[in-house]
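Letters A, B, C and D mark the chains in the order given here, with residues in each chain numbered from 1 onward.
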Amino acid sequence: MLTLDDALRLLDAARTASTQIGVPMAFAVMDPGGHLLALARMDGAPWVTSDVAQGKAWTSAAYGVPSAAQKDKMSPMPNFATAITAMTHGRFTPQTGAVPVYRDGVLVGGLGGSGGTGDQDEAACAAAVEACGLSTTA
Amino acid sequence: MLTLDDALRLLDAARTASTQIGVPMAFAVMDPGGHLLALARMDGAPWVTSDVAQGKAWTSAAYGVPSAAQKDKMSPMPNFATAITAMTHGRFTPQTGAVPVYRDGVLVGGLGGSGGTGDQDEAACAAAVEACGLSTTA
Amino acid sequence: MLTLDDALRLLDAARTASTQIGVPMAFAVMDPGGHLLALARMDGAPWVTSDVAQGKAWTSAAYGVPSAAQKDKMSPMPNFATAITAMTHGRFTPQTGAVPVYRDGVLVGGLGGSGGTGDQDEAACAAAVEACGLSTTA
Amino acid sequence: MLTLDDALRLLDAARTASTQIGVPMAFAVMDPGGHLLALARMDGAPWVTSDVAQGKAWTSAAYGVPSAAQKDKMSPMPNFATAITAMTHGRFTPQTGAVPVYRDGVLVGGLGGSGGTGDQDEAACAAAVEACGLSTTA
């Protein structure tokens, strides 16, 4: 599992990556149960990014894959995507911008971002996971 | 920030623009946090326009752009759009017809309309912002 | 029915009454179908008052009585009150602060306020209805 | 307004206070519009505390008072409390454990905690606000 110190280090590393990319973002760390562990919204990021980052992080934590994989999978099945989003009360967010977090091959959570393009959000999250000595794959 | 007098002037100017366009509309003014400041639904506009105008105004206030920009951005990402709409409890409305409101370069709210075509709604809102000495861009 | 001019006159009179009472409030005018016709939130009133005023106005428009009557009626039936609130998606608000609006004995809408005590909210609304030559009773 | 650095300092101070009290908690910082700025859930705190802390912080940010004040106010009005909770999609949380955050007399957000008793949660939040040179009153 992720400790709060782990989560705060992830947020700190994600902020550093976001600053290098040049776009303010919000980042959310979810535990493997899809519950919020820590969140930070950078100055200048619209407040709605706090919600979107959570949705993406939830999606990676729930499935153990980058949220982009769910975007691709759901692309030809919009009605199914809508159903999962509705049944999870708006949590399921099949859009690029989050990665799962693995430690020693075990899924320990998800890290999601919002504020840049989907690719920028994912790049910042992936960089943060690596910087913390964790992995985005099992 | 917008005072109530500002908001009522915006609504009054939007009604004037709507009358010139020739279609009754509802108009909503949101504060920068996405909360309703003032609303007016013109005689002859269907009651659901009050809800739609709020959704569009919310979208402009939340992102600081015309809601049409979110329509364009979300066009290839319907599942992502559905997720944001769901996570915001139906507020996110990626459709033409609202503009952000800036004063001295600061985002102070959003003005959204409904009742005409999206383009007519947006034209009325943009005209109102200009008539009040405010701006739709930073 | 209420025209938008009627609704704006009600809001204007309610603001005057609120100023005399000395507490900033938000006011909402609902049509007889429970749909928002006009709203104004005074400077200094918390943004949540925009939502609460709508709920009270809805309650008066839906039942044709002051929302305080629903407060009294529902007091011994909390589970029933909760059910109506839930089935109406948070609209039913059994609390003092709104009055129905009658013209020539016909229910034409509801006027609700929020920001002061319930009694202050209701007093401002009732004063506004009277000032506009309308009635709070059939 | 609160910067993210302000928010992270508040969370850090709240964790220190929580450790002194001896109970792990989650803490949430809301901006004045009721949108999440930062959150941290301490090791050992149940995951649901992340949601509860947000609800309390929202309540303090929305009304500019300790959430305990809304608990006291709503105690004789359970049906009204239910209505506000429903209309705000579960955000309104009239329970002890959060304080508003003022800077130079201006409401800049809310800090809420969950995990201990309501009084412990509020004590940790109030201590954090003071430690950061901010105030819980205007």
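Going forward, a residue touches a chain if its C-beta (ideal position, glycine included) is under 8 Å from a C-beta of that chain, and two chains touch if they have at least 3 such contacts.
None of these values were measured; they are calculated from a predicted model.
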| item | value |
| --- | --- |
| Cα superposition of chain C on its sequence copy chain D - rotation in ° rounded to nearest 5 | 90 |
| Residue-number overlap at the chain A/chain B interface, same or different (half cut) | different |
| B-D or A-D, whichever has more C-beta pairs in contact | A-D |
| Chain whose mean Cα position lies farthest from chain C | A |
| Distance from chain D to chain B - Cα centre to Cα centre, in angstrom | 31 |
| Distance between chain centroids, defined by C-alpha means - chain A, chain D (Å) | 25 |
| Sites on chain B at which at least two other chains make contact | 31, 33-35, 89 |
| Overall pattern in which the protein chains touch one another (line/ring/star/complete/other) | other |
| Chain-to-chain touches, reported pairwise for every pair that qualifies | A-B, A-D, B-C, B-D, C-D |
| Residues on chain B engaged by chain A in the complex (per definition of touch) | 33-34, 62-64, 77-80, 82-84, 86-89, 92 |
| Of all residues in chain C, those that touch chain D in their complex | 46-48, 51-52, 54-55, 71, 74-75, 78, 81-82, 85-86, 89-95 |
| Residue ranges of chain B touching chain C (in the complex, touch as defined) | 3-4, 7-8, 15, 31, 33, 35-43, 47-48, 50-51 |
| List of chain B residues in touch with chain D within their complex | 31-35, 89 |
